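Next come two complexes built around chain A: one with chain B, the other with chain C.
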Partner chain A sequence: MEQKWEMLSSSNEDREKIWSRSRTFAGDVWFRFRHKPTALAGLVLIAVLMAFAFFGPLFTKYDYAEQNLTVVNIPPRMTVYDAPDGNGYLTITQNLKLLRVDQDGRLGEQLSRVRDDDARSMTIFDCGGTEVGLYYGKTPYKVCNPDKLTVYHHRTIWNRSYLLGTDALGRDILTRLMYGTRVSLMVAFVAAFVNMIVGIVYGGISGYVGGMTDQIMMRIVDVISTIPLTLYVILIMVIMGSGLQSIIVALGSVYWVDMARVVRGQVLSLKNQEFVVAARTIGSSTRTILFQHLIPNAMGSILVTVTMLIPSAIFMEAFLGFLGIGLQPPLASLGTMCNDATENLRTSPYQLFIPALVIVLIMFGFNFVGDGLRDALDPKLKK
Partner chain B sequence: MFRYFIKRLVMMLVAIFFIILLTFLMMHAVPGGPFTNDKKLSPQIEEAMNEKYHLNDPLPVQFKDYLVNVLHGDFGPSYKYPGKTVNGFIGQGFPVSARLGFITILFVLLAAIPMGIVAAVRNGKWQDMLLMALATIGVTIPSFVIASLLIYFFAFRLNWLPTYGIDSWKGYVLPVIALGGYSVSYIARLMRSSLLEVMGQDYIRTARAKGLSEFHVITRHALRNALIPVITVLGPTIANLMTGSFVIEKIFAIPGLGVYFVNSVSQRDYTTIMGVTIFYAAFLMVMVLIVDLFYCMIDPRIKYD
Partner chain C sequence: MDSSTRIQHLLEVSNLTKYFDAGRGRKVHAVEHVSFAVDEGMTFGLVGESGCGKSSCARTIIRIYEPTEGTILFEGKDVSHLSQRILQPLRRDMQMIFQDPYASLNARMTVRDIIAEPLLAHHVVKKREEANEIVFRMLERVGLTREHANRYAHEFSGGQRQRVGIARALVLQPKLVICDEPISALDVSIQAQVVNLLREYQDESGIAYLFIAHDLSMVRYVSDAVGVMYLGELVETAETDELYRNPLHPYTRGLLNSIPVANPKLARQRNQSGIEGDIPSPIDPPAGCRFHTRCPYAKPICAEETPLLKNQGNGHLCACHLYD
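On to the complex of A and B.
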């Protein structure tokens, strides 16, 4: 009979050996991170939005600045009327014209106007030889037969030409949304990165050098943190003029204070540990100790602060865009799209809902990832 | 306590001086003079304008004059609206903004603290889940989105409330909710976690052991200590609400200071931008200082240095 069990060797070496696979710190963090559903959901959300923003424009046939004034404010889901010549549908545009729509929901050409019939509040259009009337006497406007005054059969279908509809200048909202998300994400990433660098250098020097230098540098930080920074972002925008660079400079130059505090705290707690003393003993320069030894050890809290910085930068950018001092048209960002949409809120609410939803998704994503990262990097903090 | 107050006061004065200096320098760093416009002025007129507003003086002299004027409470004339002064704008706009801000603060406290208490008392139950889900949504949606959604549903669809203006109490409902939404969510979460922490302490067990009712334990014993973190964030919250009101005032067409500020920014009315910025900054810093002092007074555990 075959031996089912065999003796393990009993040497001391084998007893001491750790048999499980050893996990690096990064692996540990990733393990804790991916076992938190909200954090993982946030990461997936961000990845999807980034793919949407950066690869989306490759698949769209419109340009973000291309205006088409015949298709102004067409919603994603539109009311259509049966065309009397049996050739698809008709839809009413905001400037009281009739557009052909085919069976699938693609927009066609505009019907030509025959005459106005003011007495009956109607405009008569020519639809393949038959006359159709657009009744604008009271809302909702209707398409009817001008002789018998019967309203044609109507239904709602999805817009297949412009999946998310068009805005007040006839631009495709889906395309603008892609570019807008791209601009918002880019502004946020660059601003967060600039803040990170400034904060690391400032906080690192302040914490490591210590003494009087630290005192003075931290008093400056205290003074800056009492100033309402929103005002200064707006002021910088006034001076530099609106545009992508000025937003990045404005956001990048103002929000590094928190980062500097975090880095200083970390450096202070680390700088008397043995590995720093060892590095100093072998004659490493201050710069080497600071950037090769101390900062990498503080990277955890720095990363968490950055992920929390990104949503606030997106928030600020949208805020500026909404106030009308952000980007200049035709460039789009999520904030400026919301701002443009408020003018037509009553008739075309979808123009606001769509970019607003994307802003909310981005905020959710980054907040979840930030929370998850904080818990993963420091499980002791978890409540 | 007194030393702490003096220290804070000195720091605030230094900060205000730097704000004035920074704002002044920034506004003078703008390329082109304040009268550079689409319409080209004749050189004589521009020269006369520069002379009238002392813009030909050396920069330090201009700054000294401006500083002295500001210390006398005079922010100078508006460059874009002849005959109007920045003080006039502040006098018209600030009371409106302050009233909106005050009502919002009341709303925030009256909504957030009970929300936090209920969530903490019903920890883990459906009430807690619901309130905290609401609070999470509240901190992620920007105020202008909340405002637009509220207008769309309550004003356009249901026709319950006006879309703009503050002629009656109804006009305040939507702006206050939109402006306070973020703070309500934030403070409710803070209140919940701080109350949960306090409820686990020994003196609460003692209070319960004495046979006090749960209501009494929470309101008389737990709440006092649990409120301290809430008071800490009150200063920044005020600052948040005041700057957040730029957008809200714009959406609801409320004639507050925020509207004057945004208008002056888009019209490049330099003295108004400067004046309103300095006024805002100084006001907010004073508010934060008052809140901080109040905070030190109610919690004897805090050291003053």
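On to the complex of A and C.
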């Protein structure tokens, strides 16, 4: 360019043009959200867990209620002994039987018992014509040659039939975990949704009407929030009986208190802002003011509260399940699975660890997402 | 004067008073006994320092606040105590432009929806899509383009936002627009642009403005008549030329002296620079003349007796004991 300093002709179009790319508020929030690693990790975690819970059951050949008493309490990682007939391995079940396991780790049929040898604390089984002894005189129990009294070579391998093992009724833990996660997530989502609606309506009315109505409504909330929620939920459960519906009702009728407070606070601060005053001078209806001005502007805080509410609902559901007043068997939830596991905690700790781990992951996921959302919605952090 | 021979003003405010509750039984005397009128196609300028009650006055007139006392006649109809429901259709003819172009636009709405909101509220159009043509025309009218319609308010500059606010106020073609310091939040270079836009629109449509500002310089340029407020009270009002040629009230003179003058010789000739001291609290305003704590001409009577607005000739009203 030769004449660097010459004036360019400019039209009104150019002067008023906005050169930046158009970004909606949601686009803005998403931009900030995805630049936060923990938030993104939380989101991915939740997505994976949801896929696991909702699509997982398509890929398993077991049913969550199907019992198989020959394979009770088989852990995901088994100790196996070489079978004397060279046909795979043998593993000891909890009710002192021997099970065939093939080279890959798939469980086979149970060996038939020949006789008890009480004198030597042994049970003798027939393994393809050879007699093998199960020595139960001392833990850990061993598989041995009853004649030479030598323990067969042993090793640990992964359980390929039941990837996460089986529970005390021989049900596949992986399958139950999928259904359990599904139930827990569903309970939490429905409860969170109900809470959100109740909270928005209650808090919205309280904040928008203001005055005496607000005072009374908020005192009621204060009273409710002094009752320990756990106690309250347990009472509802006891009165309504256990089952999916009562859990949803119980959780749905409790957590709206926080939501109502958040919404009321938001509405209270928003309703005197200039754009709401402007809507009133325009002559917009209360409906328009509520649904176009107040709630969309409060939506950020509402969403954050909801994502923070979901883990509490999941935790409360698990807690109820653990206490045994949650779902009815054979339905599984993460809490009831933990509860079932306590019976065999010493011998089969994996039965507790696995559902507990999933609870932890869900809580992590939602808390990370909630945190990320809150930061992304904070206009002070605008980049 | 009986009512049949009385000229009907577009807006007539008489004895308007607005107190706010300040807690513990105290009241903020935001507006007290303010009376003025705005005629069709005219501009009435309302001036005063920050905190003197201009916005409260405007918002009481447009009935965001309930008046404590006094009457507001709009097209001869007393609107001072109508319920919001009955008021709703009347709002079509009385709109407002706000001081803060950032806070007065909803950040979650596109410009199209912002400008279409009055059209929908008053059933000028049934559906949002039908509003498009009107919105585009309005955008072009205020110097924006139709490409702006899909943008959100936060993407605009202050001047552009204020023009969106103006488009929203004008789209219903109201008879009166209350402009509450529409330019005080804008850059000086943009101020003239916005004021000219308002004036051009007035020339075309014969709309009336109640134009609020905190300094007298811009008001002179836009108004046909001016009222000066001090601490909730109207202290002087006159036709614009008369007021600037012959300011009577010591407060008005002080305000005029605080207008920056381009010519340094003239500036030096001025006897004093504006008004000394701070504005007293409107929670318990001074007795007598409210200005007596700062007035260079204060007499003993000023602290005791409240001066009344009196006609000093030419329709020039002034409330000051100097002219008794």
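Just so we're on the same page, the second predicted complex is superposed on the first by the 350 of 383 C-alpha atoms of A that agree within 3 Å, B and C clash if a C-alpha of one lies under 4 Å from a C-alpha of the other, contacts with A are read in each partner's own complex, and residues count from 1 in each chain.
The rule is short, and it goes like this: a residue touches a chain if its C-beta (ideal position, glycine included) is under 8 Å from a C-beta of that chain, and two chains touch if they have at least 3 such contacts.
Just so it is clear, the structure is predicted and the values come from calculations on it, not from any experiment.
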Subject >> Touched partner set for A:P296, first chain B, second chain C, both or neither >> reply: second
Subject >> Touched partner set for A:I197, first chain B, second chain C, both or neither >> reply: neither
**OP:** Pick one for A:G324: touches chain B only (first), chain C only (second), both, or neither.
**Re:** first
**OP:** Give one of first, second, both or neither to describe whether A:A51 is in contact with chain B, with chain C, with both, or with none.
**Re:** neither
**OP:** Check whether A:F25 is in contact with chain B, with chain C, with both or with neither, and answer first, second, both or neither.
**Re:** second
Original post:
Is the number of chain A residues in contact higher for chain B or for chain C?
Top reply: B
**OP:** Answer with first, second, both or neither: which of chain B and chain C does A:L149 touch in the superposed model?
**Re:** neither
Original post:
So, A:S284: does it touch chain B (first), chain C (second), both, or neither?
Top reply: second
Original post:
Which partner does A:R346 contact after superposing on A: first (chain B), second (chain C), both, neither?
Top reply: first
Subject >> Which of chain B and chain C A:F275 touches, first, second, both or neither >> reply: second
Subject >> Common ground on chain A, meaning residues reached by chain C in one complex and by chain B in the other >> reply: none
**OP:** Quick one: which bits of chain A touch chain B in the complex? Just the residue numbers, please.
**Re:** 219, 222-223, 226-228, 230-232, 234-239, 311, 315, 318-319, 322-325, 338, 341-342, 345-346, 349, 352-353, 356, 359-360, 363-364, 367, 383
**OP:** Would you pull the chain B residues touching chain A in the complex into a rising list?
**Re:** 11-12, 14-15, 18-19, 22-23, 26-27, 29-30, 139-142, 144-145, 148-149, 151-152, 156, 193, 239, 242-243, 246-247, 250-251, 261-262, 265-266, 268, 273, 277, 280-281, 284-285, 288
Original post:
In their complex, what parts of chain C are in touch with chain A?
Top reply: 59, 62, 64, 87-89, 91-92, 95-96, 98-100, 103-109, 113, 117-118, 120-122, 143-145, 147-148, 150-152, 154-156, 160, 165, 168
Original post:
Within the complex, which stretch of chain A touches chain C?
Top reply: 12-13, 16-18, 20, 22-25, 273-275, 277-285, 288, 292-293, 296-297
